[in-house]
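Have a look at these structures, which come just after this line.
Look for chain A in each of the two complexes below; its partner is chain B in the first and chain C in the second.
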Partner chain A sequence: MRPFLKLLKIVAILVWSVFVVAPFLWALTTSFKTANGVTNGATYLPWIDYEPSLAAWKGLFGSDAGSIDIVGPFANSLIVTLSASFISLTLGTLVAYGLSRFRYKLGPISNADLTFFFISQRIMPPVVLAIPFFLMLGFLGLLDTILGLVLVYIALLLPIAVWVMVDFFNNIPKELDETAIIDGCTPFEAFWRVILPNSLPGLVVAGIFCIVFGWNDFFFAFTLTFTQTQLLPVAIVSLNSSVTPWWSLSASALISVVPLIVVAFLVERYLEKGNISGAKK
Partner chain B sequence: MQGLTRYKLIFLLPGLLVLLAIILFPLFFTIRVSFSGWDAINPGLGWIGGTNYGRLLADSRFWQSLSRLTTIVLTSVALEYLLGFGLALLVWHQVRLRRITRVLFLIPMMTTPVVMAVIWRTIFHESLGPANDLAGLLGFGNIPWLTKPMWATIVVIVVDVWQWTPFMFLLLLAGLLSLPKEPFLAAEIDGAGPIRTFFNVTFPAMAPITVGALIIRLIEASKIMETIYVITSGGPGTSTETTGYYIFIRGLRDFQIGYAASLSVTYLVIMIVLLTIIAKSLVKVLVKSGN
Partner chain C sequence: MKKAIFPEQKNNDFKMNYIIRNLSIGEGETAHLCNVNLELPTAGVVTIIGRTLAGKTTLLKVMAGLQAVDSGTFYHNGKDLLKTPAWKRRVGMVYQQFVNYPHLNVRDNIAFPLRRSGMGRDEIEQKLEYVSTLLGLGDYMERRPDELSGGQQQRVALARSLVKDSYLLLLDEPLVNLDYKLREQLREEFRRLFKDSKDRLVVYATTEPDEAMILQGHVVVLHEGRVIQAGPCADVYHYPANIISAKIFNDPPMNMFGGTIADGLIQVAGGLSIKTPSHLKDLAPGSYVFGIRAIDVKLGGKAASADLVLAEVNGSTTVLHLDMDGQNMVLEMQGVHHFDTAARVDFSLLESRLYAFDTERGELLAAPLIKSLSGQGGLNGKN
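Moving on to the complex of A and B:
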């Protein structure tokens, strides 16, 4: 009975693992195909099922006819994601430290309400915000610009930064800042010199969350930009028409996803160290 | 005291003001727009009272999209919970297996949903994709994945389960790893088998984190629209059109801004009420009964 159960367990994990990697393997093999490998039904193994070619990959970086510009959108995505993440992390860390260390009282509003206000923004369906954002950015002349997208992404990422950092700061003993203040630091110096240098793990987790959510957004980039500022997911989805060959589609999809697979490995190391308390609660 | 107040504000105000400006202002603006007849021909805040809300009550496409959304969200989240918890239990006691599966299972939830949806669409292509290749191999013949309402709904759910089961897996595994050891030793001494131990010890101890994970997933899953846009575009017909996608079509495709705003406000209120009821009853059923 025992060895049978153990086998069943291994099979279950194996089946799920195959399901998890299948789309990536499919995209990888498709990216080396030419028309012959696609239009005659599904093929899987290079050299055996079809003759592999590097055409799709060359097309992503080349500038000849039929090539796809992926470098520009990639750079745009990088700029928007990193600047919005940096600003959100900065503002979010300040807010989180305030909420974790001081008592706020404004009529009936207290710390718990403020924290809830920040985090609850995640409940908002994107489509509810898309229409006012569209009108607002249009009014400010920021539609289809990097700056406009950064503003919008701050609204998406700030709640995440606050959420992770409040929890992180709550787990740092208050005696640490109190000692610093007795030693003559101002509250801000205590935060800057004592607490912040000890908060690297929390900052890394919050930063990764911000980057992943920013990089993965499609909807706002899609509704608030047209031609001047194209982000990577929008560029790839716009290829998703009947004219674009599957091999180019697959190669560009892989390019956009690879940075995140690298990030996944980094996150796992933090998970093993148990520094992701923010996500556990 | 004066000094401390100043520092309190230095920390809180910048973030608070930014969020108020970027989220709260647009929200109030949307409520105002929902009472206007703003569209492509007559842009502006011309007051038309509750006309939009009256139209919405009779808009069966809107209400159908809500029931469709409910079906898709509840089915996906239930499957994700069962699969994620099952997988977490399988690797719980094996350190090496735990680390390998954790990296592997992290990948789907980190990758851009729409980009993976593009890949999934090629997989479910009816004549050229591997899904039907496999179905044929198993003797199911050619399945109309994207042209029959039922199958299109299943495809949407499969893609969601692929992407978000890892989230359940990670949270529940973290929960399992943080459980105290004593109750398990006690159960072993009492001679309880694995199934009794699960229902009497593991499951009740996991109730709080289960509720948290379910609520987060329900909130996130109810926003589903991007993958639907890519994979089915709401079709065939409107059979996979969720509420978010319908509002998007009305507002930013047909430019019936005023009407879309009234749909948005109604949708938001319904979501908040429904999610609060679900969250409260989950806490009642799972956490309270565990004690």
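Moving on to the complex of A and C:
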């Protein structure tokens, strides 16, 4: 029975791996094909099935006429995502610590309501927010600018950071803060010197969520920009003209995935040892 | 609530330097602390004893500065401590959970409060050396708290609160989460550590009378947020102020039963009849609540018989739960013995060890005579 279960497990993992990896493989082979190679049907093996070509990749980075600028949008995406994630994480962590440790009350409104207020920002569909955001940015003169996008992304990412971190802080025993305070820390020092160093797993999770959501967003990047500022997802989609350049599309899609893969590898080990045992029994 | 004051002790000329007045948190039924008045010495050991949710932790947190109060004052040497924030109070606290900094190794854990206070590197090393030897942590200094056993973790927490220059050390049921053997062992260590606490007051909260007895010093009995009794350990043991105090400060709780005194005899409901002992002779005929410790109930003697409901072995003693026609009686005897439950057993009471309490208010009226006791005068004129 046990060997059979083990076999079943391996088979299941293999099937899932194929399911996950196959699209990447497909995109990878397509990115090395020419127009003819793509229309000739599904082929996977270079030099045997089809003749590989670097045309698509050259087109993305080359400066010749007719090449596509992917570097600019990539840099824009990087700046917007990283700065919005960093600010959201910083503010969100502070907000979450406050909501987790201190009691607020204004009439019938208390901590749970404040926490829900943050989460509720993500309940409505993004379309609802598009017009208000457009009008607000227009009023501020920030449409089609990096700064405008950063502001909007902070509004989108902050709830995620708050949500993850409130839950994380609630699982750290309050006695840890109290011990730090007794040992001579002011409440802020207790947060900074004791709680924060023990919150790395939570920060990593919240950070990943922020980066992934920010990096992958297409809707707001599309509706709040015109021509001056272009983010990567919009740039990739705008490759799609009367004739779809599948080869360039595949190459740029792969490029857009690379940062997330890098993040995943960097962060994996933190997720594994994500525990705060030692603070509680 | 009457003000609870420690009677002066002849052999120890301490001064009452911690003064708590009219301290209250919460109101009515849900009050955490209700009009607490206490005067505590500036050094030595004070045990706060009370059942779960009696308000022990809340009281300790007030002393530490972690808990806001609704009303009342807390003075130390004439200074209002409630106005001093916790991080400036120079107190130490050990929780019943093992609270250490998970991201620091044992060395940095213990050094944390010292570094916060700006102590020099050499002095910190000296103190670390001293306290790690004292608590046997020398071999674990480089480990993280989660790599230690529960007892070791609690030692680290204790070490951290001992090294720093604090004038008040608060321990909140520090042994409750440890297994039996470790508890016995650490209990002994506590006694050794706190025996000569000359420059700081150790406040030790517990539910276990044994721990108070081992630590000696003073005892504060807390019940439902109120101070029921306060005084030197021996006084509280020998002269429990009332029925609640007698139950809380004895394990198993002191047996209580109603009875009447008439014609030189004490008549108890279950048909038990006892000759009135000399220390109860002055009581007027009438109804009383009588109390007797489980160790003063003896098997045999044929004074009364009862059904054996439960026999449990507790460490090195055997505890029998008896049912005397509806009146429960607990008997504790040395050694491990085995009994068939539901059997009928004969037992007798050491009448010289009987306590008598008021039936209405439950206050102590008469207690057994004690041969030699330093605090004899601390009875507040009640016998």
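Simple rule for what comes next: the second predicted complex is superposed on the first by the 237 of 281 C-alpha atoms of A that agree within 3 Å, B and C clash if a C-alpha of one lies under 4 Å from a C-alpha of the other, contacts with A are read in each partner's own complex, and residues count from 1 in each chain.
The rule is simple: a residue touches a chain if its C-beta (ideal position, glycine included) is under 8 Å from a C-beta of that chain, and two chains touch if they have at least 3 such contacts.
All values derive from a computational prediction rather than experimental measurement.
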Partner chain in contact with A:P46 - chain B first, chain C second, else both or neither: neither
Touched partner set for A:V194, first chain B, second chain C, both or neither: second
Which superposed partner A:G98 touches (first chain B, second chain C, both, neither): first
Chain touching more of chain A, residue-wise (chain B, chain C): B
Chain B versus chain C as contact partner of A:P173, first or second or both or neither: second
Touching partner for A:V38 - first (chain B), second (chain C), both, neither: first
Which of chain B and chain C A:T186 touches, first, second, both or neither: both
Common interface residues of chain A - those touching chain B in one complex and chain C in the other: 186, 276, 279-281
Sites on chain C touched by chain A in the complex: 61, 64-66, 85-89, 91-93, 95, 97-103, 112-113, 116-117, 144-146, 150, 153, 157, 160-161, 164, 177
Chain A residues within the chain C interface of the complex: 173, 175-176, 178-186, 189, 194, 197-198, 275-281
Residues of chain B touching chain A in the complex: 3-4, 7-8, 10-12, 14-16, 18-19, 22-23, 25-27, 29-30, 33, 83, 86-87, 90-91, 97, 99, 101-108, 110-116, 118-123, 127-130, 132-133, 162, 166, 170-171, 174-175, 178, 209, 212, 219-220, 222-223, 225-226, 230, 243-245, 247-248, 251-252, 257, 260-261, 264-265, 267-268, 271-272, 275
Interfacial residue positions of chain A with respect to chain B in the complex: 9, 12-13, 16-17, 19-24, 26-27, 30, 38-39, 41-42, 44, 91-92, 94-95, 97-99, 102, 104, 114, 117-118, 121-136, 151-152, 154-155, 158-159, 162, 186-188, 191, 212, 215-216, 218-219, 223, 232-233, 236-237, 239-240, 246, 249-250, 253, 256-257, 260-261, 263-265, 267-268, 271-272, 276, 279-281
